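Next come two complexes, and both contain chain A; in the first it sits with chain B, in the second with chain C.
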Partner chain A sequence: MVTIHYKSKIAPYVYIAPAVLLIVVFVYNPLVQNVILSTFEWSGISRDKVFVGLENYRYLFEYDVFWTAFKNNMWYAVISLVFQVGLALVLAAVLEEKFFRKFQPFLTTVYFLPSVLSVTIVGFLWGFIYNPGFGLLNQFLRLIGLASWAQPWLANSKMAMYSIIAVSQWQYTGYCMVFFLIAIQNIPQERYEAAEVDGAGPLAKFLHITLPGVKEMLLVVSIFTINGAFRVFNIVEVMTQGGPNNSTQVLGSLLYQEAFWYDRMGLASAISTVIFAITLAITIFQLKTSRSETL
Partner chain B sequence: MKRRSRFAGGIVLALALFMVLPLGAFAQEKVTLRFFHKWPEEPYNTYFNDMVAKYEELNPHIDIVVNSAADQPYKTQIRVVMSSSTPPDIYFAWPGDYTANFVRAGRALDLTDYFYGTEWEELFPESIVSSYKVDGRLYAIPIRLSAKFMLYNKEMFDKYGLSVPETWDEFLEVCEVLKSNGITPIAFGNRFPWAAIHYLTTFNQKLVDPETLAADYLLSGGYFEHPGYLEALKMFTLLNEKGYFNAFPNAYLHADARSMWWEEQAAMFYAEIVEFTHLSPAGEAPDAFKDKWGFFPFPAIEHGEGNQRFITGAPDGFLINADTKYPEECVDFLRFLTSVENAQEWVRRIQVVSPVIGSVTEETAFKGLVEAMEVIGELEGMNNWLDTELHADIARVYLDGSQALLEGTKTPEQVLKEVQEAGRIVRETLGSN
Partner chain C sequence: MRRKLSRFLVSLVLIALVVIMLYPMYWTVINSLKTNSQLFNDSWSFPKVRNWRNYQMAWNYGVKNYIINSFLVTLGTLLVVISVGALGAYGFSRFEFKGKSVLFLLVLGGLMLSPEVSLIPLFGFIQNLGLYDSHLGLVIIYTAFRLPFTIFLLVSYFVSIPHDIEESAYIDGCNSFQVFLKVMLPLSRPIIAGTTIFQSLWVWNEFLFALVFLESDVLKTIPVGLMTFQSKLATNWTGLLASLVIASLPIVTIFLLMRKQFIRGITLGAVKG
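Coming up: the complex of A and B.
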């Protein structure tokens, strides 16, 4: 083993100082400031801040729109897990099957393509598809004799959230699939051949070889998906702005609106602290589990 | 020793001269004013840029930095820039509590003494300027005037023998006739619920007596116990339940509804006079439609306790930051913007109304705009937007509630109860200060 001897003990710290400084100023500093700000009542316009302790949090936990938003984020996470993790893995396994190999590059591109579009464009596009009058979806339903299913997808407070979640699945399932494809391709081919010799069918191969083989990736993509589900903002902002009547509010959009529409900066800071706590917990969980795997 | 000090003195003198000379050449210190307005779209944008250029030419020592954001983003950005280290010196705000909020935070310059008792005052009708008064003091100078009219398709009205309704009952009859003939009576897009607020603003004003209304809209009020408030919500719901609006208003933007109307898929459309610009000769409405439309003020509600000769609408105006280093220069720029000549230019170029007397004439404005101004002139007062008039926490109950009413997930009674509750909280937390 090669060990590098520095003449000075300070030198290594000097080398990492710029990066540490940047992170402290731009990441940790705002984090701490945000937590401090969440204990004040203040607005963007006024220069006065009133210390209120944990009042913003108390208000938040009794605030029905906050719970609507939280519930929507939970659904976002659950549905995204089913599609962006479950379905994406199945798709990847199918594409790795011998029969599909020759179509694989084409199909991968097809599935992957939506994820390179900007969320704003996707939001507008689906806004048109969901339009109750001329929208493709309703026209299609009428065409196949399901006119009674046609509805104002984004204006129906019971359907709107799911309509938005569906768009995210459309956009990112192919993206996650690519990660699984890579993971599957890293599994030694001999294992599959050995299994075939033992007479294993496609399902058995999937359950006993593919699944254990992509466990690491499965965990990473799951964490990444759940994390994304709690930080979602732009697709909601483009498609519904949290409406109708707050039914599509997520934590991110609520934070934005409380801060910039309704001037409740303290409350908004509290929401962002909550989002931070949730994503931090998920990340710690990921670090713990992945570390125990490798050790 | 003596020589040296004289030499040193000479250098100091030369340096001093060197520093003073350029100042003397410009005579004045360079002044930078930040101007933040809410019209990034054309033709407004060019108008403001041209005015700024013209002003800078007349006042070479002043440099005006212009920034703008459209309606919805403006609400966000103004909060960000106000808390930044370079807040605007001149900025836009809606009248009502929206402006009062800036006043309470100490961010608005009191313009009363700059305006009243000067020639400036003569340029504006007091009824319009007074929208920007908070506790009797003036805080903004209006630049644009908006008012709501019900626009209608003359051909459709003629076809079914309908005449312009003057009362609420006649209005409902007109809707019924249109509907029974398979025509959507009113195009309505409420994805951004301020569109519904314009109906509710109108209904509240017409149904509730002025004193009660004014008291409830103040922070110290907010009781909303007059039966007119419930009736207002019910009238709005009635229009929807009877099928007088197009299906699913929450799915459409106000602009979608406007196109629906001029594409002749609906007979009426509740619009602001600032939208008339689309119907002007250069406007984006289909040319064939431009002679087919008419307008009328919202019909009177006969049993209503409010003044039926009010029109829903408000001026749009500019405030001056109380912290500006250059209040005189800011005032001077606003005086320049609202001179008769520049106000006429505003009307001529944009085809929207300026509150400056003598700006809307047959020479500067198209026929529809001139006629609308005549109607406004005959009316007795303005009824400002509910969502900017009320405290934001009460307004949002109305905003969210309107979407729930249209969908049928809440009743008018439930929405009113939430309004009263929000009023109580605002009264207790803010009104008491």
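Coming up: the complex of A and C.
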């Protein structure tokens, strides 16, 4: 390669400086500070900070709401894996079948559509659907003779979390499906043709060609689904704000409330650090897995 | 025969999913044209008299403002994140310099860091900088958090652009910045378009930072503005439904008009990575 690019030693630094500075100052700097701040007891109102070591973490790990939130995040992850990975992959495989391919543009558009809406809009929309009085869901259950199932979905502390998780599946299953469509389209068509010659049915083709063919995408989508499940906040804040009785609390909403409702900033920083540790662990796991596969 | 039956059953499932996706939206639209009492008594039927007052009210009492704010913040962020990101990507993909790999890792490491994790220190930081409750503050933070992915996408595209066109531009006497403007940017139009779509959707719908860093109602973007609007409306349910319809329209329209580019933009990163 020609060497004209090296003429100026300063030029490259000038080009990258704005980006690097912004990232260091506004992304890394607060991250480091957050870890430090989590070892203090402090409030947003006064400037006094008392060093308490790991006390915030000890408090957190003995705080039952923290474990409720953690459990809810786990459920969020598990159910999202079933729909946004499992169902999304099956749907993508179906839409790539010869017979269904002509409907693919329409169906993709419809299934993807909810994901472009803001979570606030989706949250309110489903608030209406779950409304015990005029809500669509209860009316529908009565219509098909399941009146006994009708209930105040978001006010029932046993059902509220699942009701919220269901909304996210509605919103993002089609979004994830699109990633699998692309992965399947990248599988060489000859493999399917060869399998057909051998008399393989749709299920056999799915298990022996599609599944191995989308392995990498499966990992990518699973990781961002799990990561997303541990960072969820918006939908909870819009629909229930963690209630009733903290039953829909997730780490994100707990962090927000401890910080901005109760002004327990140190505790909130500790929750942030826990979220960071979890998502970091997931990412490291992803890097490890994808590396071992390429070796 | 068995094949036909299974095809029929699968079709039923696909159609059921279409209904599950679309009916709630349809329900929102028809009920946004009713009065509260019509909503309570009969939420299924299409309204005989269409009541556009809900729309006038929603538009005039806030939603118009939220849409303008969202538009300003999204546009501002895009301008900064794409230009700063493209310059950065140019530096990383076209030059050799000391510390390059460490700095590039630093940038890519930002991909792993989620906003939640920096929220509390940023809250204080933004106040100290005098950027609390301002669109500028949001634009700066959005830019910082979207830069790693922008640079990642642009670098992976820039490295695929052959060097010979640049060489001839250098021989014609261009300096490296002119090469960036006249050669790299025009050649990268597709990736810039894709990145723009991806980042606009993110910024347009961002919730957490907007919730924490904006206080005045007049500055709020759609996702947080609607929260305030809801509490202002109290029990005017159909008014809220109308506001949801208006707030969805811009992004839904863009999506339906540019469906292909939109989906390509969203999936850019995963295809590369």
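Worth pointing out:
Everything below uses one rule, namely that the second predicted complex is superposed on the first by the 276 of 295 C-alpha atoms of A that agree within 3 Å, B and C clash if a C-alpha of one lies under 4 Å from a C-alpha of the other, contacts with A are read in each partner's own complex, and residues count from 1 in each chain.
Note that in this section a contact is a pair of C-beta atoms (placed from the backbone, for glycine too) under 8 Å apart; a residue touches a chain by one contact, two chains touch by 3 or more.
Computed from a predicted model, the values in this text were never measured in an experiment.
Contacts of A:272 after superposition on the shared chain: chain C is touched, whereas chain B is not. Contact with neither chain B nor chain C is seen for A:147 once the two complexes are overlaid on the shared chain. Contacts of A:136 after superposition: chain C is touched, whereas chain B is not reached. Of the two partner chains placed by the overlay, only chain B lies in contact with A:157; chain C stays clear of it.
More residues of chain A are in touch with C than with the other of chain B and chain C. Once the two complexes are laid over each other on the shared chain, residue contacts for A:113 go to chain C alone; chain B is not touched.
Using the contact criterion defined above for the overlaid structures, shared-chain residue A:44 touches chain B and also reaches chain C. Legend: residue contacts after superposition of the two complexes on their common chain; A:78 is shown touching neither chain B nor chain C.
Judged by the touch definition given at the top, the superposed model places A:23 against chain C, while chain B stays out of reach.
Within the superposed three-chain model, A:281 lies out of touch with both chain B and chain C [touch as defined at top].
Touched by chain B in one complex and by chain C in the other are residues 44, 259-260 of chain A.
Per the touch definition, chain A reaches chain C in the complex via residues 1-2, 4-9, 11-16, 18-20, 22-31, 33-34, 37, 44, 91, 94, 99-100, 103, 105, 107-114, 116-121, 124-126, 128-129, 133-134, 136, 139, 170, 174-175, 178-179, 182, 202, 217, 220-221, 227, 231, 233-234, 237-238, 252, 255-256, 259-260, 265, 268-269, 272-273, 275-276, 279-280, 283. Contact residues of chain C toward chain A in the complex are 6-7, 10-11, 14, 17-18, 20-25, 27-28, 31, 39-40, 43-44, 84-85, 87-88, 90-92, 94-97, 100, 103, 106-107, 110, 112-114, 116-125, 140-141, 143-145, 147-148, 151, 163, 167, 170, 176-177, 180, 201, 204-205, 207-208, 211-212, 222-224, 226-227, 230, 237, 240-241, 244, 247-248, 251-252, 255-256, 259, 262-263, 266-267, 270-271, 273.
Residues of chain A that touch chain B in their complex: 43-48, 131-132, 152, 154-157, 240-241, 243-246, 259-263. Within the complex formed with chain A, the residues of chain B that make contact are 75-76, 78-80, 82-83, 101-102, 104-107, 191-193, 247-251, 392-393, 396, 400-401, 403-404, 406-407, 409-410.
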